[in-house]
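Below are structures written as structure tokens.
Below are two complexes that have chain A in common, paired first with chain B and then with chain C.
Let's look at the complex of A and B:
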């Protein structure tokens, strides 16, 4: 079962590239949609979870945390493929786009299922390489610059993680999570501490947390619309944030130093991201800074080190990947119809693009933490976790950060969607079905998770927190 | 699981640090795209050396060798994609000078 999640996307890529160019170009979208939809169905209905145990080559496992991530990978990939169909121009580029998305799905499924540091590195590189190509996709000088920045910083992060893996290999004799944990925990030798620090910093670079966030707005902004929805929604969350949750809670353990570093980095990220988002005129750049700010919440919650904190981090990770993808899809619709991303030049777009306007309202209210949407519950869990762990100041500051989130989103909404319509944009229409449908799906998920919250907390979050 | 070869690891560690500093210096200081890639390669070679040393010290040399082979393969993929992007940059701005590419603000 676990191996199938890697083998089926791989088989699809091979199938798409064996020849019959014309037929395969038509088949590509359906095949990639089918693969991502299959993944979602597999996780929701738990099809063959135990029955299909193939030979376990990579030591793959699926637990609660992995299922949450696999679910969001499937959903986000499905929506990005649809958006790519609506926004990318020529068939050849579309074909390459679907292939790269499938490659990225392989990488991310691998990351969330492996239980070995070195295998995790290999899958991280698969994901990262497809992300570099996807960002540089428009072949203009902006996207090349964004891609190159991401490439250099990601390579430096990889080198840090690899040197950490080498030191841990020396102590543990192996790189599987269990062996490394047994060797490392409770050990205070400076070499081990260096290894832990190098690994954590590498993951912080990959996740785009604040002292290391320089590449993130550039990469998100310069990528084409469907790609930024995919990368912002799930790629950096899997490569940087999920890995952080997994490695810190299962391998390194929550020592006081790690907790403090995570909480302070998280808090700084919340405020720097939110304040920088306030001052942006570019729609996508604002969303990128907002993403940094929301990721700060996840890391802050992880820093409490309690089961509730980890559960809040995972829940917010899921919610974040849903509503951030949706906001990027909305920005894709606006960019496609108006031809600009400058928020000052547009206003009143809700009158001509009602679906985009109202789904964006759902997403930003969820991001800002307004009940009964999904983001409210995850932020509530985060604040309660901080309070129960005794970090009263951090809880208060987290709430203030949430207010700033509301402020910049209201400002964005007023400038872009509400108010009197700009005469230049009077005749534009709603974006096509392939952008509207994913936006509606994601808005429905946000609403559904918020309203049926008790069901979700029992089926998704409690299993996750019982792991730790 | 560290045996008596721990001192050997320190010697390799010193060389790793020297190579790593060279690589970082190369990335930081250079104004040429290709040289930045060479800096990345030097960094990777430093890590390769460290992994082999770690495998030797912990008596797991076979595991370390297989890791290094994988690492080399992965790194070739990354560097060739990077070279492709540098080629794209050269087509766009007609120069390999990094200072000519400052359109995005970070």
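Let's look at the complex of A and C:
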């Protein structure tokens, strides 16, 4: 079963490219939608988890944490494909887009299921390569620049991780999580510690945390709308954040230094991201900085090293992938209908785009942690985890960060959606169904998770944290 | 239905009915008078009977709804009914052409029901229920005064009495805790420790209702801002009568106040201060009603002084004075109402020469004024002599305070009478042709006659009403007839003569009745004190307001400070930080790589520091 999650997207890509160009161009959207929907269904209904144990090439495993990620990957991919259908101009580019999304799904599914450092690295590269192309496929100057920055910094991260893996292989004799863990935990050699530091820094670059975030705003902003939603919503979360949660908690272990590093980097990210978001005029760039800030919460929570903290991190990861994808989809709708991303030139768009306006309210209130939306609960868990672990100052600062989040989102909402409508945009319409539907789906998930929070925490998040 | 419930239920239902009667109907006055008559008949019927009424109330707490009729409550019931009837009759003329007539009669009957409830209650909680009801009705009464300040005065009265009622509530709680029951007739506590605290708290509630210092400051304001019948009704009902009634119950039934104890001395000091301070204020008033209102406070001092002695003679004197005060003060306020009705003002500067124009009112005023000054053979004389006797036995200083108070009382009424009824007619009195209508004259005449009757034949009220109240302590005493201590009578007469001479001196010096006491007003030290009092430096309510104002100003500046932190400091700091971060993100990717590598170096060094 686990292998199917890699094989089926792979088979789809092959099927789409064996010939029959015209037929396959039409088929591509349905096939990719089907693949991602199937993935969501598999996880929700837990279909055949234990059957179909084929040759276990990569040592794949699905535990609670993997399930949460697989679910998010499926949902975000599904929504991004729909948005891509609504925003990308010509059939050829659409076809490429679907193929690259499928490739990315392979990479990410691999990342969350492997139990081996080197295999993880391989899937990271698969995901990264498809991400580079996705960002750049618009083939204009800005997206090239954004893609290039991502490429260069990813290369730096790759060097660090590969070196680290080489060192760890030297000590452990194998790169499987279990073997490496046994070899490094309690080890006091400077070389091993350097290897750990390098690996962590590599993942921090991938996750886009301050001060390793330089590529992120440009990449998110310059990418086409549907790609931004996909990359911001799930790709960086899987390649940078999920991997951090997995590696730190299962392989390196929570030493005091690592905890402190994670918490301080998290806190710096929260504030730098939020303050930078406050000063942006570009809708997507603001969302990009907001992403940095929210990722900071996840890492901060992880840094407590307690079961509750890890649960909070995973929960916030899931919530964030949902509502941040949605905000990027809202920005796509606005950009498509108005032709601009400059927030100063917009006003009162809620009057003509009510669905976009109000789903965006749901998403940003959730991001800022307003009850009863999903983001409130995950932030609450994070703050409680910090408090219980004795990090009172961090808990207080996390709440202040939340206030700034509310500030920049209210500022955004007022400038873009509320108030008197700008005369230039008086006659525009709501974006098409393929943008509206994903926005509604995601807003419904945000609201649903918030309202049925007890069910959600018990069935999904608690099993995750009980692993640790 | 039990007869005991009628005095509460009938007026209350009638009050509701008056609220519901359409405004155009002319029947309200007649209806209210009829209810008051009916109430008086019931009170007469109940007088001198002993009855109790008990049924469960308040469910799980085992509270009982208990009424008890006995000598004291029967008498108070009757007295209240009598004064309520007079006020109802008086108001039919006085309230004509005024606003809020419906409300006025409704409140009158409602407060009557509540007074009857307080008087009859044999359960402290039940009593508190009616007591607080009086507070609300009083608020409404003052608020319909029809002046701009009426609502402020109503709020002031409400806050002062609400505060003291709250203290009384605490006192009731402690009393119930100590006694194990809230039934008044079963409580008998010795003072000391917690019980003394309960005593003081209960006393505060009682004397505040009676209008003693320092809880008096709403009364002079109410005198000018509330409808006049409210003030006339006050001494005979919810203020003095009920307040002193409850004070006597506290001192006689609930606790046993012993002569010479600390609490007794405390009460006497409060009484003495109230007498002197209020009468000094009364002396310098230039308004008919305001002058009377300060006397209303001052006379309460005599009652508290008398009861505070804890001697039979003092208690009897205090209670008798309560009745006498109700009679003559009621009468005096009604003369003020008559003057106001005919001239449209009570400002003494605008009055004068009314004696010939309103002869009946004038005669009633003279009788009541003689009575309040303690002139021999009027009712006030006998009750004051009893109080003097008790005060002298408790301490010379208290006696002196009481006598000095009498001197100023006499002086101020000489001034008032001179200014209002003699001298040259003021600007407002020229057009007065005749006296007030009969409905207003009759109550005044009745009260004036009572002043003389209770004076000449003081044995009747003393023996019939008051001796039974103190029970066994009265055995072997006789307080009726001429005062026993003849020296005191001579001193009293001397004091009255002195007051007259003082008046003569003042009039001669300043040339007008209204200025008769200006030499006292402008005496060196006194002038300063009067100035301060006029600026309300001694008013706890005003002081409280001032404190609240300062406090709120301070809070406001703290609030502004916090606001500044929110709206300026934090915004500014955020802007600076945001601009700095924006400037750092130049889009130059080599710099971004440098950040990453720098971060990496820091982390590697940090993690390597743990190598041992």
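Methods note: the second predicted complex is superposed on the first by the 468 of 468 C-alpha atoms of A that agree within 3 Å, B and C clash if a C-alpha of one lies under 4 Å from a C-alpha of the other, contacts with A are read in each partner's own complex, and residues count from 1 in each chain.
As a working rule, a contact is a pair of C-beta atoms (placed from the backbone, for glycine too) under 8 Å apart; a residue touches a chain by one contact, two chains touch by 3 or more.
The structure presented is a predicted model; accordingly, all values stated were derived computationally and were not measured.
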Check the residue A:140 against both partner chains and state whether it touches chain B (first), chain C (second), both, or neither.
-> first
Exercise. For A:159, select first, second, both or neither according to whether it touches chain B, chain C, the two together, or no partner.
Key: first
Open item on the list: Taking the superposition on A as described, I'd like to know which of chain B and chain C A:222 touches: first, second, both or neither.
Closed with: first
Inset, instruction - Considering only the touch criterion stated at the top, classify A:429 as touching first (chain B), second (chain C), both, or neither. - result: neither
Report for A:129: first if it touches chain B alone, second if chain C alone, otherwise both or neither.
first
First (chain B), second (chain C), both or neither: which does A:257 touch? second
Touched partner set for A:404, first chain B, second chain C, both or neither: second
- Task: Classify the contacts of A:167 with the two partner chains as first (chain B alone), second (chain C alone), both, or neither.
- Result: first
Is A:214 contacted by the first partner chain B, the second partner chain C, both or neither?
both
Chain B and chain C footprints on chain A meet at residues 148-149, 152, 156, 214-215, 217-218
Within their complex, chain A touches chain C through residues 148-149, 152-153, 156, 160, 188-190, 193-194, 196-198, 200-201, 204-205, 211-215, 217-218, 255-258, 261, 271-272, 275-276, 278-279, 404, 407
Counting only contacts in the complex, chain C reaches chain A at residues 574, 577-579, 581-582, 585, 587, 589, 591-593, 595-600, 603-604, 606-612
The chain B residues in contact with chain A across the complex are 1-2, 9, 16, 20, 23-24, 27, 33, 36, 40, 43-44, 46-47, 50-51, 53-55, 57-60, 63-64, 67, 70-71, 74, 77-78, 81-82, 84-86, 88-89, 92-93, 101, 103-106
Chain A residues touching chain B in their complex are 118, 121-122, 125, 128-129, 132-133, 136, 139-142, 144-149, 151-152, 155-156, 159, 162-163, 165-167, 169-175, 183, 214-215, 217-218, 221-222
